[in-house]
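Two complexes follow with chain A in common, the first pairing it with chain B and the second with chain C.
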Partner chain A sequence: MPAFVIGVGKTRFGPSGHDIPYLAQEAMAEALTDAGIGVADLGALIVANFLGGPNEHQLHLNSVVAGLMPGVRLPSWRVEAACASGAAAIHQAVALLGTYDPILVIGVERLSGLPGAVLTRNIGMAGDVVLDQAQGLNFPASYALVAQRHMQRYGTTTRDFELVSLKNHANAQLNPKAHFHLKRVTQADIDAGATVASPLRLFDCCPVSDGAAAAVISATASDGRSVPVLGSAIRSDAISLSQREDHTTFPAAREAAEDAYRKAGISSADVSFAEVHDCFTIAEIVAMEDLGLAEPGYATGMVRDGQTAIGGSVPINPSGGLKAGGHAIGATGVGQVYEAVTQLRGEAGQRQVAGAEIAVTHNVGGVGGTCAVHVLGRPS
Partner chain B sequence: MSTQACAACGARYDYALASCTLCGGALAETEAADAEVLAVTEITVPSLGHEEVPYWCALVRKPDGGQAIVKTERPVAVGDTIAARGSVAEVVHTVGIVGSGVMARGLTELMLNQGHRVVWVGRSLERLEAARAKVADRLGRVMDEDELTDAVSRISLAQDMGALAACDIVIEAVVEELEPKRAVLERIEAVVSPETLIATNTSSLPLDELSAGMRHPERFGGLHFFNPPTRMRLVETVRGPRTNEQTAALMSQFARLLGKVPVPVAAGPGFVVNRVLMPLLNEAVRTLEDGIAPAEDIDEAVRLGLNHPMGPLALADLIGLDVVVKIMDDLHGRLGDEAYAPRPMLRQLVAEGKLGRKTGEGFYEYVPPPVSG
Partner chain C sequence: MPAFVIGVGKTRFGPSGHDIPYLAQEAMAEALTDAGIGVADLGALIVANFLGGPNEHQLHLNSVVAGLMPGVRLPSWRVEAACASGAAAIHQAVALLGTYDPILVIGVERLSGLPGAVLTRNIGMAGDVVLDQAQGLNFPASYALVAQRHMQRYGTTTRDFELVSLKNHANAQLNPKAHFHLKRVTQADIDAGATVASPLRLFDCCPVSDGAAAAVISATASDGRSVPVLGSAIRSDAISLSQREDHTTFPAAREAAEDAYRKAGISSADVSFAEVHDCFTIAEIVAMEDLGLAEPGYATGMVRDGQTAIGGSVPINPSGGLKAGGHAIGATGVGQVYEAVTQLRGEAGQRQVAGAEIAVTHNVGGVGGTCAVHVLGRPS
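Up next is the complex of A and B:
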């Protein structure tokens, strides 16, 4: 069954004084307006969220969102797959066309306002409670181990991480909905950043953001701005790094990418640009290799040559990515689709990737435990 | 953590499972072994349960190919060999507990919960049996039948100190008085090996006086747990004048093994917590005596204004007013500061037999919970 994104919406990612219902409604309203439909036209609703329970003591978010559309009793449920919740929900919507149509996907998350140690623990719930959490392996630490292994094996350097950070911060300055849209990050800022989990330092880490993103998925293109979903795939893997042989790649991402490319009938060479899950700078490098945009160990060469900048051969994260665009966890995978759609429609303004034909989004839960990849094409 | 491998197909699981998912084969525990460090990261941001930074997380590989994440408190380097224990429960100690009161019960529950064996010594076998039943009752709320049977089987009760001979660690938790504690400590020392860590759970008594009759006071220190020890995260690890470096380090290590946060303190009167707490409790009583506010309001003000989980008067009731007076008298005598002299109202309540929660009345009245059907 064909699938199209017929409307998208997104709040700004970043610290917000607004609660989950407000954020969800803002993204939803924009997506529905964009699609030219109302809530009564929807077939189903899927809400993606990660930490509503631990952070806000609020679960059952699909029903909270149902309260935003009084009297409209849609089929709805909540999806959770850690940081991949958003793309898991998009994948589910694509797979369910034929049963429901159109399907509204809303990703929403609030992360601000919690003591740092509590939030770090809660985000750590994406790792195994016994294998990882009990040993103090928080989230930055998991990716720090990936970084250490990548450095050992391929000679990747902390300078490569800095280049990823600088590039994504530069892109975020062009994106009014980015967490760090108004913050200019320079080499001096990066140099002053404290170590979080060696070798990762402050500016290697994405921020934690509040925000929401929404997409309306349908089997029928509604107008000339409808963006086809050419491939949608998801894979999972054991949750802890200690349960995997290779620590420099996420096999789940690799297999999801292969599956999504096969469904789309493309190869990695056809990709115009990608929105990848750069929760840490090392993750962007691993993502490029898992997506086949670079051979293992060679992503850093492209980073050093500037090929991943907006004007480069394969722009990575023109939105600023998670690193500088922000990471409103449950909303992130949907936000990546928002960016892909906006770019493919040629509506990305200053950060527009010229001639974008094929976009790839890559959303990761935990340290590669869940990976979802989407391939989107230009509207026809 | 349990690491199991399938005897038939070799699949490996880091979970306790009944059989292999892939082929249905039987699973066997893999052996714990030293492991090689593949990668290590120094972590400098605290998270809940891992507040003390920096610490290190190593990704290690065992000779049989199994891997694990291991937290260390010292830097390790790639290529180092370290002990890969999946979780604290894999290091099993035989812990001696002496006494059958509230703290002894709580400590026994904590040890069993963490997978250790307990040799529980008390003067009366009857009291020990009753205490064991209470511990089993509490464990039964968090364990299934098999786990409970296993946990209870790890307790052995004895009246004779000789039963402590095989213990790695012995914690004395008898009545909070100098002479009985001294006598017990000497008798413990007579039966255990010279390396065995002997600790007292005293909340205030001077360690050098407690260890006066010991032949090896260097392996003696204080492990001051807080009630209930299963839930309170702090352990004051008390170093007496003769406690050696190794014993101090061992106490911290053991506290961490139990999932607690050790705070090393010198053996001054009241250590840290009671020394800071008692003037607060006393002042709350004086505030009540002076008619500044009723008990409920004093507690409410302190709770909200100082962000304490519980007001001082309610806390005094929980500790027991007789215990509070005893600690204050002791600290007053040793520090000579009037701030520690128990207020008249405290003494009055104790004289009336109103000792707090345990007698149903103190600063507050406590209605016994209805017997549920």
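Up next is the complex of A and C:
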């Protein structure tokens, strides 16, 4: 069945001072307005969120959001797949269009205001409680292992990580909804960054952000701004790095990409730009290779040559990515679709990728335990 | 698209001493064996769970379960809609058969071993953090308000509640997988029960249970034991009783039932028996009325006349229900389907409902914030 994104909305990602219902309402209202419909027109609602329970003492978020639509009793539920919750919800919506249409997807998360140690522990719930958490293998440490192995096998350097960070921070300055839109990050800032988990330093790590993003998915294009979803795929793998053979790649991402490309009838050579899950700078490099945008070990060459900048051959994360655009966990995968739609409509302003025809979004839960890939095309 | 339950599995509900992966594995293995397939035959996996994060420090459960299937990278995610998580997952599976087939649904929860106050607080996350939790309106208190209003409007009595409890405990003694299978509950036990939230007393409240239940859903019947899903529906409503007009009924349940019956081409008069969400005895009475099995205010007459016993005109909760069968929250909605399938196959042993043709399952999240209803038919 064909699928289109007929409306999108997004709060700014970053510390907000707002609670989950407020954030959800803002993104939802923008998406419905963009789609030109009201809540009474909706067929179903899917809410994506990761840490509402542990952080906010609020589960059952689909019912919380239902309270924002008095008298409209929609089919709804919450989906969670750690940091891939948002793309999992988009995938469900695309796959459910034969039953419900249109479907509103809202990704929402509030992460600010908690002590850092509590938040790190809670985010750790995306890893195995026995195999990872109890060993102190939190997420910076897990991605540090990925970075070390990638460096050892392919000669990747910390300079490559710095180049990813500088690019994404530069892009975020062009994105008014980015977490670090107003922050100029220089080499001196990067040089001054403390080590978080060697070799990863402060500016290799994404921030944690409050935020929400929403998308309205329908089998029918509503106007010339409706963006077709050409392919949607998701795969899961064992949760812990200790259960995997190769730490330089995420097989679930590779297989999701292959499936999404097959559904879209494209190859990786057709991709105009990609929004990828750069929770750490090394993750952007791994993502490029898992998406087939570079052969294994060759993403760094593209980074060094500037090919992944907005004006390059394959721009990566024109929004600023998670690294500088922000990571509102349950909202991130939906926010990637917001960026893809905005770019494909030619409405991305200063960060517009020229002539974008095919966009790919790549959203990862944990350290590759869940990966979802979407392929979107230009409105026709 | 047609949908069939081609295999089911269920652990015993109750204190287990096991962790989530162990419970999930046991139910999954039984369901796959029952369906006569292996993990490599699956198209997708949906995991239902409510409190894995707050209770167990484990989110991203789809990836935990993926670790039980090495090398098989399925499309998967977790669904959560409070206590209706299990039925929400079944609903998704039915609606997704055009994309994935067969789909394994696993509902799993571990609730034992936590201090009671912590567990009560965590279960409260199914209610609004501001409107309910901060006011001390936990779930026994919320259902006590429902009970008080039902008594005031319809003359319902605490004796009606006792009759529901006695019936469900008697049924559980016939169900080897019930939480209170080995416990005989008499009028003297009920009389000795402390008040929990007036008018609800100890034996009006379901226990909290560890447990898992699994179902394999396919568009193709695999053999003469495959049970057709004739209708599947879910609706959500505002989360807090303070946002609702009428506390004697859950509109989301009524609308889900109407939708499920319409899809199945049946009326409530066609229902042979029902597994309903009796987290408190009053909830069974409200469920019967919301499902149209009794006119509002008239369910109690059926209870008093014994019509809801296994040998009655419309048996309710032959499994023992949540009340005595147990409530392993994220597993409960899947466990209801397990019971419906077992009964419709004629394999329910001592608790068999004679001549069962049409079964209804009714699963509620919070105090009616999410309600899902399924209609299942006899294998042909």
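One rule holds for everything that comes next: the second predicted complex is superposed on the first by the 380 of 380 C-alpha atoms of A that agree within 3 Å, B and C clash if a C-alpha of one lies under 4 Å from a C-alpha of the other, contacts with A are read in each partner's own complex, and residues count from 1 in each chain.
The rule is simple: a contact is a pair of C-beta atoms (placed from the backbone, for glycine too) under 8 Å apart; a residue touches a chain by one contact, two chains touch by 3 or more.
Predicted model, so just to flag it, every value in this text is computed and none were measured.
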Exercise for the section: Have a look at where A:81 lands relative to chain B and chain C in the superposition and call it first, second, both or neither. Expected result: second
Exercise for the section: Would you check which partner chain A:243 touches, where first means chain B only, second means chain C only, and both and neither mean what they say? Expected result: both
Handout entry: Partner chain in contact with A:178 - chain B first, chain C second, else both or neither
Key = neither
Practice task
Based on the superposed arrangement, let me know which partner A:117 touches: chain B (first), chain C (second), both, or neither?
Solution key: first
Practice task
Please work out whether A:356 is in contact with chain B alone, chain C alone, both, or neither, and reply first, second, both or neither.
Solution key: neither
Practice task
Have a look at where A:234 lands relative to chain B and chain C in the superposition and call it first, second, both or neither.
Solution key: second
Practice task
Quick one: name whichever of chain B and chain C touches more residues of chain A.
Solution key: C
Exercise for the section: Once the structures are superposed on A, label A:144 by its partner contacts, choosing first (chain B), second (chain C), both or neither. Expected result: first
Handout entry: Contacts of A:99 with chain B and chain C, given as first, second, both or neither
Key = second
Practice task
Have a look at where A:133 lands relative to chain B and chain C in the superposition and call it first, second, both or neither.
Solution key: both
Handout entry: Footprint overlap on chain A, where chain B in one structure and chain C in the other make contact
Key = 121, 124, 128, 133, 240, 243
Handout entry: Residue ranges of chain C in contact with chain A within the complex
Key = 1, 45, 50-51, 53-54, 56-60, 62-64, 66-67, 70, 73-82, 84-85, 88, 91-92, 95-96, 98-100, 121-122, 124-129, 133, 233-240, 243, 251-252, 255, 365-366, 369-370
Handout entry: chain A residues within the chain B interface of the complex
Key = 116-118, 120-121, 124, 128, 130-138, 140-141, 144-145, 148-149, 152, 194-200, 240-244, 247
Completion exercise
Listed in rising order, chain B residues that touch chain A in their complex are 1, 14, 38-51, 55, 57, 59, 67-71, 78, 86-88
